[in-house]
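What follows is a pair of complexes built around subunit A, which joins subunit B in one and subunit C in the other.
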Partner chain A sequence: MVKEIERAGIPVVHICTVVPISLTVGANRIVPAIAIPHPLGNPAFDKDEQKAIRRKIVDKALVALTTEVDGQTVFED
Partner chain B sequence: MKLTLGKIFIEDVQFGKDTKVEGKTLFINKDELLDAVGESEYIDNIDIDITHPGDEVRITPVKDVIEPRVKVDGPGGIFPGMINKVQTVGSGKTHALKNVAVVTAGKIVGFQEGIIDMTGPGAEYSPFSKTHNIVVVANPREDVKQYDHEAAVRQIGFKAANFLGELAKNLTPDEEITYETLPLLQGVEKYPDLPKVGYVYMLQTQGLLHDTYVYGVDAKKIIPTFMYPTEMMDGAIVSGNCVSACDKNPTYVHQNNGIIEDLYEKHGKEINFVGVIVTNENVYLADKERSSDWTAKLTEYFGLDGVIVSQEGFGNPDTDLIMNCKKIEEKNIKTVIVTDEYAGRDGASQSLADADPKADAVVSNGNANEVIVLPPMKKIIGMTDYVDSIAGGFDGSLREDGSIEVEIQAITGATNETGFVKLTAKEY
Partner chain C sequence: MSKKRVVHYINQFFGGIGGEEKADIKPEVREGVVGPGMALQGAIKEEAEIVATIICGDSYFNENVDEAKKVIMEMVKKYDADLFVAGPAFNAGRYGVACGTIAEAVKKELKIPVISGMYPENPGADMFKKSVHIIETGNSAAQMRKAIPAMANLAIKMLKGEEISSPAEDKYISMGVRKNYFHETRGSQRAVDMLMNKLAGEEFVTEFPMPNFDRVDPLPALKDLSNAKIALVTSGGIVPKGNPDRIESSSASKYGKYDIADFFNLDEMSHETAHGGYDPIYANTDADCVLPVDVMRDLENEGKIGKLHRYFYTTTGNGTAVASSKAFAEEFSKELLADGVDAVILTST
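Moving on, here comes the complex of A and B:
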């Protein structure tokens, strides 16, 4: 899906846990997620902390979306 | 470490007045077995059924399959850390009741997994259609928590297998095989001219109904470690998982791992089988990186020339498989990976979620997306209420006449990634 949307000329950020798979399938902007069963949160934390985790990832994804990249780029912390 | 495995071949299983093995028949007093299994605060009721190869019987949902075994000589007991006390097993003497299996079935938590047909086309796909099965159907209390339910049914299976295994203690085995693995330096010295080969045994460790236990430890919490291959034969590794049952290792497979048996077969002749590295398949990327770093580090430390890596499951564990392969190859150690495929119903899609050019020696155990129609059976042990929602099933899978159209991934053991199956795939 990432590749097809990009083929249509729209940049895509792939938020995913298993970064190596994202690299294999050819995503250009990759933001690492938390874990496979809960990519954007962590049930070990309370609601406020979870919200902060989600916001941080989404903010990072928005930064990635507006960043020019030269080839595949993983946006680490 | 040296273990003699004595096999007692059973030809029939029947309910009887006493629980005993007489001739080639295993007789079970149902009440005695129920007593041995005991009550659980999480289980409402337990029933026991027996079914044989060729019976028009479908068992579903299947949770685990277990071979009855007993320690006859040497330290520890079967299923250390689960049933018996934690003590290193794998030496001395063990007896196994062959051709029989304890199968745990019944409503299982949320995912309803695993089909074994005892006859018909489905039977060809499950190795457990060939065993006389003692099926323990455990129905939970209504308000039970999922984790408690899973643990209760898991334990019920081990208790039943342990109880039946005890019957083999004083029997004379029909066949005995002795397996020996020497401590590393001695082992290397003994066969200096043979290539040193190890086995990286990947265990499914992804959470509820996706877990595996090593000496009672939830394997998602281990870092990769060394084990003597005979430890597995005494139940040091047990299953807590059954979702997408085709490529999960029931406890029976851990007890009878074909890769280990075949490596022993060639040990001292073609290769020097040095031992087993157990590792996990966790849901965090950092865990995947750490565990694959460690398997590679251990293979290097043991001075291996070649490694066989077997996977359990599919999807994100494909990445663990490829990471293990890549990092071990980077140590200049040859690898063969053993897996299965999810290549779509027509077989035309990419087979694994991850790939690398270094994975250039691959054994496939079949395409789990292949569709099969399982004809109706005269008797169902368990229930078919959940067939539409099992992995490999779809809305309308269960037809009105009782037949089931389903991907073979729903069949217990169909594409087992230790090769415990008939299926394979070849490239032409």
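Moving on, here comes the complex of A and C:
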């Protein structure tokens, strides 16, 4: 899906847990997530802390969307 | 002559430990056969014996690749294996990636032959087909009875040190290896035959398939985030409570489009996941952990982004055919464009 969205002309960032799959699929802007059943949260923390974690990942996704890339790029910490 | 020793790797599901709620279990080893190993053992019994089965949770493996690899490698070493078999994983993505990763590592470090089995669309197949013999299987475990004989056939060849035939003959996914041999008809003749068949509209088999490099160049970056309309899309199967459109829990035949204009946050009363490929407990309690509506609303209110698009698009990504996902996204991307969406955040589990 990520590839088709980009092909249609809409910049897209892929937030995903298993980065190698995203690379194989062909996403260009990739932001790693926390875990498969809760990519944007971590049940080990309370609600507010979880939201802060989620905010950090989404912020990174926005950085990815506003960064020029040459090819597939993984936005690590 | 003593029988050769085989170590078999399977996931928590085939290991009979549990479904997604057990996908985070660490590697463990059992003496002898477990689950699909039984059929495999039956098919190779003249030559070899499965001495141990290693079981590991799919999520655990993929989230802790280095640690899992290290521990499993030690287990394989301990059993002094002559051959390592992983799977078959059919179209289970995380399982396929785990099988490919560990099989490649065992082959490289322990220098013993390895085999896996996958459906060609499994992401693990694309990642590891060049380094691991991966038997081509159907897309679900219902195809186990077909997969096992093919895997056993190749296993026996490897154990006996026999020459491995072409991908078509030995039913593995092409590794991209070229081999010289004398054909009964010369190249020019074969090329003309092929052309004649093509002109006549008949079937022909190319001797040099073009690699499929389906890549899309990255688009330029967004210039102005504070005025951008951003849409959320997910393959994590988030749907309104009750899954009104009955999106399938795997091998989805459709996607959903849902209004979130009135939502500041998703919770257990409003949303859940339809995805059958991961433990749903977290997403069912707080779907924001897959589809971050709460954070997007904050960003919108703070003026960091222009607007969160009022609809999100969703499907379940597990076992869903590449062709289907492609068609879904082709269709809804047109809507996104028509709605003036400037960028998409796509989340996957």
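A few remarks follow.
Everything below uses one rule, namely that the second predicted complex is superposed on the first by the 77 of 77 C-alpha atoms of A that agree within 3 Å, B and C clash if a C-alpha of one lies under 4 Å from a C-alpha of the other, contacts with A are read in each partner's own complex, and residues count from 1 in each chain.
Everything below uses one rule, namely that contacts are C-beta pairs under 8 Å (C-beta built on N, C-alpha and C of every residue); 3 or more make two chains touch, one makes a residue touch a chain.
All values reported here derive from a predicted model rather than from experimental measurement.
Aligning the two structures on subunit A places subunit B and subunit C in clashing positions.
By the touch criterion defined above, A:1 reaches subunit C but does not reach subunit B. In the superposition on chain A, A:32 makes contact with subunit B only, not with subunit C. In the superposition on chain A, contact of A:74 is made with neither subunit B nor subunit C.
When the two complexes are superposed, the chain touching more residues of subunit A, out of subunit B and subunit C, is C. Within the superposed arrangement, the part of subunit B that overlaps subunit C, taken from 150-158, 168-176, 258-266 or 384-392, is 258-266. On subunit A, the surface touched by subunit B in one complex and the surface touched by subunit C in the other have residues 17-18, 20-21, 24, 35-37 in common. Of all residues in subunit A, only 1-18, 20-22, 24-26, 28-29, 33, 35-41, 43, 47, 50-51, 54-55, 57-58, 61-62, 65-73 touch subunit C in the complex they form. If you check the complex, the residues on subunit C that touch subunit A are 20, 23, 59, 62-63, 93-94, 97, 123, 126-127, 214-223, 225, 233, 235-236, 278-283, 286, 288-292, 294-296, 298-299, 304-305, 315, 325-326, 328-330, 333-334, 336-337, 341-349. Note for the complex: subunit A touches subunit B at residues 17-21, 24, 32, 34-37.
Listed in rising order, the residues of subunit B touching subunit A in the complex are 206-207, 283-285, 288, 316, 318-319, 322-323, 353-356.
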